[in-house]
Amino acid sequence: MSTEAAINLEDLPTLRQQTICGEKVYQLEDPTAYRQLCERLLAAGYDFPQCLSGVDMEYGLRTVLHLRRLSDQAELTLWLDVPYDRPHVPSVSDLWGGVDWHEREAYDLVGIHYDGHEDLRRILLEDHWTIHPLQRRYDTGGYLIPDWQAKPWPDWDAIAKEKEEAARKAAEAAEKRAAAAKAKAAKAVKPKEGEGGAKKPPLSEVKKTSDQVAKPKAAQTADDLTKIKGIGAHYVALLKEQGITRFEQLANLSDDEAKRLEEKMNFKDRIAREQWREQARALQEGKS
Amino acid sequence: MNLITEAAKALRDIGKGMAVVSRAAEKGKHTNLYPFEMPEIPPVSCQSLALIIEADGTDRCVSCLACEKVCPSQVITIERTRNPEGKGFVLERFDIDLVNCMYCAACVEACPVSAIVTIQDFELSTYDLQTLKADKAFLDEQGRRAKQWYSPKLGVEYRNEQGEIQVAPLEQQPGGEAELLKQADKESDN
Amino acid sequence: MALSSDKRSQLKRIPIPEDRHFKPQLVGYNPKTPNRLAEVLAHSLLYFVFVGLLLLIYGVLPWLFKLPGSPLASGGSFTTTGAVLYGILAAVLSFLVAAVAALILILVLRKYLGLVQNRYGPMHNGPAGAFQTIADAVKMVAKEDFVPGKADALVFTLAPLMVFVSAFLLLTIIPFAPGWVLANLNVGLLFIVAAGTIGAYGVLVGGWSINNKFGLLGGLRAAAQLVSYEIPLSISLLTVAVWVGSLNLMDIVEAQKLWWTAIPLLISAAVYLIASLAEIKMTPFDLPEAESELVAGFNTEYSGMRFGFFFVAEFAELFLLPAIAVVLFFGGYYQPLAGFWDFADVLRGLGAEGSTLNQFGGLLASAYGMLWFLLKTALLSYLVIWVRATLPRFRDDQLMELCWKVLIPLSLIGLAVAVILRLVFK
Amino acid sequence: MSIPAALMTGPTVLEPVVGKTDEMIVNLGPQHPATHGVLQIVLGVDGERVTRAVPHIGFLHRNHEKIEESRSYAQVIPYLDRMDYVSGLQNELPYCLAVEDLAGLEVPERAKYIRTAMFEFNRIISHLVWVGTYMLDLGAITPFLYAFRDREMALDIIERTTGGRMLPNYFTFGGVRRDVHPKFWQDLLDFLDYFEKVVPEYETLTVDAPVFQARSVGVGLLSQELAVNHGISGPNLRASGVAHDLRKDQPYDAYPELDFSVITRDEGDVWARSKVRMDEIYQSIDLIRQCAELAPRSGPYLARGRVKIEAGEQRYRAAEISRGQLGVYIHSDGGTGPYRSKHRSPSFVNLQIIPDLFIGQKFSDVIAILGSIDIVLGEVDR
């Protein structure tokens, strides 16, 4: 079974998929679907259990499962959110023996109950402990924080919509910028788009746009600039601030623009020295 | 026959092991006779902390609270008051709880004026833990006793016979490598 | 954590004293400025004590008893009173001999391990740590006499004594020089087997009596190991008896004046050496007290002088089993190739027959033999210590396999060889 | 002696293996010379044969993860040293890698080589401790002192550069905390020249020694499937024939530029694990030599940059430390420190396997197997 077959979105309606920091993350809210998905992933060859962690999300508890397929070193992250009053998650320790103690630890420290675990006892703390110290309602001394309040369960659809909106705005802005760059407008560098802005997104919200939303504009934006020798993740971010995300834009930079860019970003002759434009042109040609 | 060769091989290997053990005596003693013979401690080694007082008796510390903020174990306590005569602050109190300190030297890195430094005096053993709740007098005393000390800003420094503070030569400094290479390049150019 | 200011003001301000660090004084000796002469003398001192004790028992005491006009001897042999008195004195002194031998070997082991492990070993008590074991002995004697609550007090008390007595009994039959033996038994070889086995009981009941699981496991391991290794050990003793034709140890030594028994009976000698390693309970056969598995094995709960008895017995055996090997296989008190020319004969031939010089020469000749005996024993003991410094330990089933599948067949082959050689050559 | 009922629960095999004899419960630890710290294993033994094994951990639990929630990203690093105190520097790397990924920091070329050389150097130090303590478990004292003799020399080099011996607090986001000593590379090479001649001695005393082979060949067999399914990593996994090494499979720092191959053995027993570690010592020597050759001698050692991580960002990064895969999972809420950081310590995962390996084995083999897994309890309990 391939990974795509295992993660069939139509079978598992509550499955959400997103990319965070370059990693695919699958998010679930339905415990039975979680178990189902894990069985399928094992069949799909994800044989090496890397890590299982519990996180207190302040609206509920999350179990995070990191899997690896040793045959091609593919990695996969799985989230399952459960509410505080019903912190039950099906155990997968029978599928992967390696998560056995991780589940016990998550039970011990975070308080997630793994149903079907053979031996769900406290592992690091002593048996007579009554609290789960990694929950946010306890302070470092193990005492209940008096005014602690759980947050409401996030409305994932609204967040997704919000994100979609933000993504569309960003795409539009990028298009505008691209157009502006094409027209060789001297003042192409626009003030930063307010995706972070004054409104702080809720904790649970993931910053990066969802893949499903991002697909239509994928052709338009976000070439892998790191392919150019001399550009790393740091410069990609800087370039993105200046509105440059594609090879095309980089290839079409005029000398003036390049100089301005260098001044702006403290590059010092780097574009010419490392021949970014030439490289970008070659890559652009190779792509199209 | 096979048994005999195997037994012979086993005996030979045991003999090899015994030869290794008896030859090891040639490597000499590697133990430090500690109280009678002090170990050589490199100048950058962080064994304890000290405050540096300049040769003219003034504190280097400017009470900026940077070390207090950066300390992971939160063992530094500083109290300061405004200097009534000029700008800046007067240091009222500078305490480090050396019992809970984990000698990560984060404070030394944070210090903008290299006032708090790492020293090589590792003998902090004491009969009374209260002694290790070091106050400013203690830290000053440690600084006065130290022959050499290290801070990332100024590098390895030492106090000469006149009591003046001097910076150690490049060979003793971390990062002296690049400077030495430059010097060597210049010399080869000349 | 940072203290609040009012709490900090309560803190006592303790000034830094000039010498705030504890600086111990070197009691005896500084290896950095060694005094070689003192060092050698100190280390030799114990050895001199050892040799002196032996001389006292076997040379000086009988000579004193047989002085002209002594009521204790008549016509060159002891009277009954003399024999009883000599027996008691010699027993007390040979107890000291065993203890001093153990003390020397403990020190040698520690110093040797220190040498090959790139460290100093004992060095604080006396010159170059020569008196370390004495200090240890004093410490052990001074410790509290402690019996665990759940232990069987009687057996707990008796077990170390049984082990020690077993080792001590072996000392009585060892001929250090011609005629220098406390009990010249006709069945000396049998006595070795009989006395040696008592130690196994001591270890077994010691491990059982302390009511500790590790101790029990250690005791059982010890019982299995010691009883099993008695068999190849006894068979190789038997080969010597077959070859020489006597069970008397003096006879066996006398038969080796020209050729050592080890030359025809090489297999038996090798089997004896390996099996005696197991009897001593030294690495690689230290399973009964395997400290990384069974904490301390059969002597987990023992402390003070009770532990000291186990300890001393172990190191006394480290002297005694090589000594028996020397008696049986390596020519005893004879210098090598004594059949051709023996310096002892020269000493014995001093002066006229019956003169004082001749008597003194006889004493010297015996002392000369004793020195050869001790030298050979020391070399074998050193071999054991060397093996101990090198090898890890076996597993219990491997230990048994080695005994039953390798050593016992080998010892039987050795026996067959001895029989054939006896038929051919004698 | 009665044992609390709570200690005896757990999924274990209860039937005595040999005959119908009484089972004896033996408490191996928490105070036992062969548990390398405070680990308790409740063993049921039938004679010398183990019928069940229930491990208990947590005696050294300090809850670093809760402490780290209230620290800033940089303040966490000194705590990481204290997880696996045998090779302190190696613990810092995966955390730094994760934060660099999240904050988009790029490590300068020179710092990469310094970090890689230090990382491998710590692997040598860690394996030296393993050689020594493992031989101590098997009853040989001498190799232990040899290992610590050489380890002290190695620690001196670390101290000359980082200022600390076991808990150096040296790696940081974007490079290393301070520049290396002028004689750093020469120091390393001098030590390796000496050390390379000593390693054959260790081999003579361990993997080549007949008694060691008698104790280790065929003991504690760990099958490939079981190892992978239980998430075993490091030399233990590679000794079972799985060529999984994050230095190759998910390379970080300067590893892509270095030339090496993953060491594996197919036997899966205690001897194979030992041999893999011995070979890794040679490999580390070679890798450090390569680093010393390739590393630029001047240039920045630290890319300074603000660590600002947006809310909702998360990252799992792992590195191949001497005991296996040390992973860090960081979840950010946009604050100055990690909202949650979970450490996947290799010893913790590797220790899970012991009931499977112990049952049916001899009591002596239990010690041999436990030592061969190479655990550090500071890391297990965190």
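To keep things simple, chains are lettered A, B, C and D as they appear, and every chain counts its residues starting from 1.
Please note the rule applied: contacts are C-beta pairs under 8 Å (C-beta built on N, C-alpha and C of every residue); 3 or more make two chains touch, one makes a residue touch a chain.
None of the values given here were measured: they were computed from a predicted structure.
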Innermost chain, taking as reference the mean of every protein Cα atom displayed: D
Farthest chain (mean CA position) relative to chain D: C
Chain centre separation (chain C, chain D; CA means) in Å: 44
Inter-centroid spacing, chain D versus chain A (mean Cα positions, whole Å): 29
Chain B and chain C: spacing of chain centres that average the CA atoms, whole Å: 51
In chain D, residues with contacts to at least two other chains: 142, 146, 149, 205, 209, 211
Chain A residues counted as touching two or more neighbouring chains: none
Sequence positions of chain C contacting 2 or more other chains: 116-119, 389-391
Residues of chain C touching chain B in the complex: 1-3, 5, 8, 11-16, 20-24, 26, 30-32, 115-120, 386-387, 389-391
Sites on chain D touched by chain B in the complex: 71, 74-79, 81-82, 142, 146, 149, 152, 156, 159-164, 167, 169, 177-184, 201, 204-205, 208-211, 297-299, 301
List of chain B residues in touch with chain D within their complex: 9-10, 13-14, 16-17, 20-21, 24, 27, 30, 41-42, 44-46, 70-72, 102-106, 109, 118, 150, 152, 170-171, 173-178, 180-182
Parts of chain C lying in touch with chain D, wherever the complex brings them together: 113, 116-119, 213-214, 216-217, 221, 283-284, 286-287, 290-293, 295, 389-398
Chain C-touching residues of chain D, taken from the complex the two chains share: 1, 24-27, 32-34, 45, 48, 135-142, 145-146, 149, 205, 209, 211-212, 214-215, 362-367
